[in-house]
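Two complexes are shown next, each including subunit A; its partner changes from subunit B in the first to subunit C in the second.
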Partner chain A sequence: MGKLISTTLTRALLALLIIVALGPILWTVLGAFKELRDIVTPVPKLIFEPTLDNFATILRNPTIRDGLMHSVIVVSASVLIGAVLGIPAAHTLARHARRWGDDVQFFVLSLRFMPPVAIAIPFIVIYLDLGIYDTLFGLILVYLITTISTVIWLAVPAFERVPHDIEEAAAMEGCGPAEVFWRFSLPLAAPSLFGALVFTFVLVWNELLLALTLAAQNATLPVVAASITSLGKEVPWGVINAATVLLVLPPLVFIGLLMGLLNTMVRSGPK
Partner chain B sequence: MTRKRFVILSLVPAIGLLATLALVSIAGAVWFALMNRTLRSPDYDFVGAYNFLRLLRDHRFFNALEISAIWELVTVTGTLVVAVLLAVLIYETVKKPLWRNLICFAFLVPVLLPRVAAAFIWRFLYSPSLGAINYLLGLVGIGPVEFLADPSLALISVAIVDIWQWGLFFTVILLKLMETLPKDPVEAAKLDNARTWEIHAYITLPMLKGPLISLALVKAVESLRSFDLIFVMTGGGPGTATETLDLYAYQMGINMGGRISYASAMSILLLIVTTVVFTIIWKAGKKWAN
Partner chain C sequence: MAHIHCTDIVKSYGAHPVISGLNLDIPNHEFVVFLGPSGCGKSTMLRMIAGLEEVTGGRIEIGGTDVTDLPPGERGVAMVFQSYALYPHMSVADNITFGLRRQGVSKADIAPRLKQVAEVLGLENFLDRRPKNLSGGQQQRVAMARAMIKTPKVFLFDEPLSNLDAKLREKLRTEIRRMHLKLKTTTIFVTHDQLEAMTIADRIVLMRDGMIEQMGTPDEIFERPASRFVADFIGTPAMNFITAQLEPGLIAHSGSIRLQLSEVEFPSLKPGQEVELGLRPARMDLCEPGSANALTGEVVLVENMGAEGQVITEVDGAEISFVTQGFRDLSIGDTVHFTIRPEHIHVFDPKTGRSLRKD
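Presenting the complex of A and B:
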């Protein structure tokens, strides 16, 4: 009997935890399909007539549409350049650098210690002087700090996991270092590298401060979303919920991949 | 292509670009901190240490310093405590792999949310008039509570959102780490009739000391990047109750008046403190973990 009670209690506790984890998001998704009069009720409504008006409002709004487009351009360009520059560098750090490799890796990691505001404030003046303030190019350039360093940081362990024998055998057969990298290491590390790129994508997609300071008309989606607190008299909670859902969707698509990345990192031994 | 050429070709563009961008921003911040540059006019003069001396007499700066320190402490310890407790709970009570995986998926969702989105979601929940939390509190006769407008509650209310995102994420990591631990010491302790909590407090958690230290450091670094969350939820208010250093520097440098030089001086101090402290802790932590 006592055991039955304790299992029931644990189950209830676990259910509560899942509600705490997912409830806030599901509630927002519900809110995105509600009309304002179904939101501003003293008793929260679970049953209501769903409407697509909120999504229509945000997709028709040119500022939000531009924000979405800018986000897609800036994020994909900075992740792509980060991958092209960062992945070969990570391979070299994992395989060809013994003595000074650790120092370079620590430098890359230490960029993550830099407070973003310490980058944003000098860059706003430099960008104004150079005439690239409020351009997509400027945003891509500053995001490269994040993307290159994150790609290197996550790709070095991925290349370290590639078996030495294969690379050595290829080198014995007369492959140059570039060929070994391109034909053997890269395909073998590809699944982990893909996870690293997804993680980098999520970081940049979610970024607010740099986009907020270094762009005005050409801002990204988080900046636009952060600025819709009042479109008119009332706080448009339905519209805010819909914008939140739009912002949340791309990172959530990749949740399975992130889980896989976590599994391989834990299995190979954390540092 | 020789090995040396490959090393140079693969490393120099990436590291060179990173070093240039980092150097430009640091040199820029130092340069502007010694001037009296504002966003309004392009003219400026050398003022020496004037900006730094003024910081020492700025109450709002010290308030921001204090808020930042509290924020770091609350979010780092909160995240780790939540993660350890929940990981042990799930490890002990959920044995079926399917259920464990489902819980892990649910716990990974919050950290993937953009900070701006998480901030909106919780602002909505915290709302005194139409928020779900205040409705539930109302059912038991409390409230309505002004979570974000009450100076004594605002910082902790925002910190809860941060812990919601990171604590659940770290729970998943810890759980996965616990699954990789060798079973023998735990079995031996069970034969000695050790209680469940004793097994975890004296055996499994000490075995995870290294990863726990790394997680604490990662969280400490990430907690410095909480601008987005605080900016959307409270904007630093009410008053300056949630104004951390990055918010104050942003308000000074960009929002109000655009006093670039003053904000640069602030960010230089922030940069020096965080870089020095984290470099020391990181190297010490690595030594200690081994």
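Presenting the complex of A and C:
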């Protein structure tokens, strides 16, 4: 009997926590499908006629559409280049220069100690001089600092978990270093590397400050979304909600994938 | 045809020397075991022969070809690792055939070879599984199959059995030995387990601190150890050591102990010389009081080993152990007499530790 009460209490507490955690997100998602008059009612409405107008507004709005476009280009380019350069570098660090590996890891961490403004201001000056201020190329370049270093930071341990013996066994069968990397190290480290890429993606997708300072015409989605909120009194709540949903969707999808992957990894256990 | 020649091999990591000037000749078809305590450089030596580690100096020749500067894949050697090092993302069959497929051997040629090694190693029913769904012993067999299918000139094993339980270790040891009798491929097998070495080797290379301490057949190593180190390392229970003074007539004297030594084996010994005697517990047995070469001690402990028992005794305040089948009649505190034949007594120089036996 006592046990029943305690499980019921635990369940209730968990449910409460979930509501608290998911409430705002749910409200935002609901708001994205409401018309303005359904949002600004004194009594919150749960039953309403859903509309896609807000999304249509966003996708028809050239600023937001461009922002989305810019975000996709900048983020995918910087993550892709970061992966292409960072993953082989991480493998080399993990295998042949372990003592530098630690230094690189600390360097990357130290980048995260630094307030972004500290990079932003010198970068404005440099970019103006180089003539790449307010270009997608400039944004990609500055994001590469984050993506390359984050990829290396997370991929070094991923490669260290690949047993050295397996690479040596492959070498004994005649595989050269490149073949060992492609056919063994990379596939064996792939699950962890995928996680590293997702994390890196989320990091730059959500980046606001550098995008805000280094671009004006070529703003990314977070910048655009931030600017909508400062439109003045006539706040287009529905549009804001829809923009938020749009902004949050890619990271959420990726993190969902990541969690699924982690779960299967945990279930299949260590080798 | 694959004899192995190692000439003046030197290996150091930074300033730290691991192998210092090692020379080694392994004839074709021989099963050689590198034996020695942990950290003496066995794996390093094996890995240099495999090509996984560069030599700091010296040359390595396999089957008449200088392979010192060749990558591992071109040396015609196959290696079995302690961790098995199976490819986790491939099935057992793919693991075994990877090397052949990589070389572009046709499917039609691979299939019968796979079937044959799988049969020899009892893996027919596991070919579709992933390595992680196999037991340790099965994984080890896959690793051996992967090495065998390439019909290499040389097999290298680095402590392949040390992750297995005692029973399985014994079984696989016999299988490896049997396979060598059939295939006759030149083999180097690394282990720190002296019993494993004794049972499996044609020849043992006993290493210490990056040098060869002694090289010989298991019998030579056991019966004629070249140094105190070898004598101490080989044999369970471990050898007893006693410091003694030589008296005329080649009698070694220490406290209550007086032992006749063999004049044939140790012609160079002089009276008055100080020596270190080595007495193997397994070479001693109970005797009547007053017998030749008898030692008298008080039983401290009796260890039952099944058919035999190790009796630890105290003689002149030092412990000396011997092995006997009659251990069941002994109890702690008894006075026992036991003896050793002169030809079984080892004599070492107490300073250098080298054996004083004639060559």
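Everything below uses one rule, namely that the second predicted complex is superposed on the first by the 246 of 271 C-alpha atoms of A that agree within 3 Å, B and C clash if a C-alpha of one lies under 4 Å from a C-alpha of the other, contacts with A are read in each partner's own complex, and residues count from 1 in each chain.
In this text, contacts are C-beta pairs under 8 Å (C-beta built on N, C-alpha and C of every residue); 3 or more make two chains touch, one makes a residue touch a chain.
Note that the structure is predicted; figures quoted are calculated from it, not measured.
Student: On subunit A, do subunit B and subunit C fit together or clash when superposed?
Tutor: Pair status: fit.
Student: If you stack the two complexes on chain A, which partner ends up touching A:Leu46: first (subunit B), second (subunit C), both, or neither?
Tutor: In the superposition, A:Leu46 touches no partner, neither subunit B nor subunit C.
Student: Between subunit B (first) and subunit C (second), which does A:His91 come into contact with in this model arrangement: first, second, both, or neither?
Tutor: first
Student: Considering only touches as defined above, state whether A:Gly176 meets subunit B (first), subunit C (second), both or neither.
Tutor: both
Student: Measure off the angle at the C-alpha centre of subunit A toward the C-alpha centres of subunit B and subunit C in the combined model, and quote it in steps of 10°.
Tutor: 90
Student: After the superposition on A, what does A:Ile5 contact: first (subunit B), second (subunit C), both or neither?
Tutor: neither
Student: Which of the two partners, first being subunit B and second being subunit C, lies in contact with A:Pro187: first, second, both, or neither?
Tutor: Second partner only.
Student: Using the superposition described at the top, determine whether subunit B or subunit C touches more residues of subunit A.
Tutor: Counted on subunit A, the partner with more touching residues turns out to be B.
Student: Applying the document's definition of touch, where does A:Leu252 land relative to subunit B and subunit C: first, second, both, or neither?
Tutor: After superposing on A, A:Leu252 lies in contact with subunit B but is clear of subunit C.
Student: Rounded to the nearest Å, state the minimum C-alpha distance from subunit B to subunit C in the superposed three-chain model.
Tutor: Subunit B and subunit C, overlaid via chain A, are at closest 10 Å apart by C-alpha.
Student: Pick out the shared contact residues on subunit A: the ones touching subunit B in one complex and subunit C in the other.
Tutor: Of subunit A, residues 176, 271 contact subunit B in one complex and subunit C in the other.
Student: For the complex, give me every residue of subunit B touching subunit A.
Tutor: Checking each residue of subunit B against subunit A gives 1-3, 6-7, 9-11, 13-15, 17-19, 21-22, 24-29, 31-32, 37, 39, 86, 89-90, 93-94, 103-110, 112-117, 120-122, 124-125, 129-130, 132, 135, 164, 168, 172-173, 176-177, 179-180, 210-211, 214, 221, 224-225, 227-228, 231-232, 245-246, 249-250, 253-254, 260, 263-264, 267-268, 270-271, 274-275, 278-279, 282.
Student: Could you please specify the touching residues of subunit C with respect to subunit A in the complex?
Tutor: 50-52, 71-74, 77-79, 81-89, 98-99, 102-103, 132, 146, 150
Student: If you look only at subunit A, which of its residues touch subunit C in the complex?
Tutor: Against subunit C, subunit A makes touches at 163, 165-166, 168-176, 184, 187-188, 268, 271.
Student: Using the touch rule from the top, collect the residues of subunit A that touch subunit B in their complex.
Tutor: On the subunit A side, the touching residues are 10, 13-14, 17-18, 20-22, 24-25, 27-28, 31, 39-44, 85-86, 88-89, 91-93, 96-97, 104, 106-126, 128, 141-142, 144-145, 148-149, 152, 176-178, 181, 202, 205-209, 212-213, 222, 225-226, 237, 240-241, 243-244, 247-248, 251-252, 254-255, 258-259, 262-263, 266-267, 270-271.
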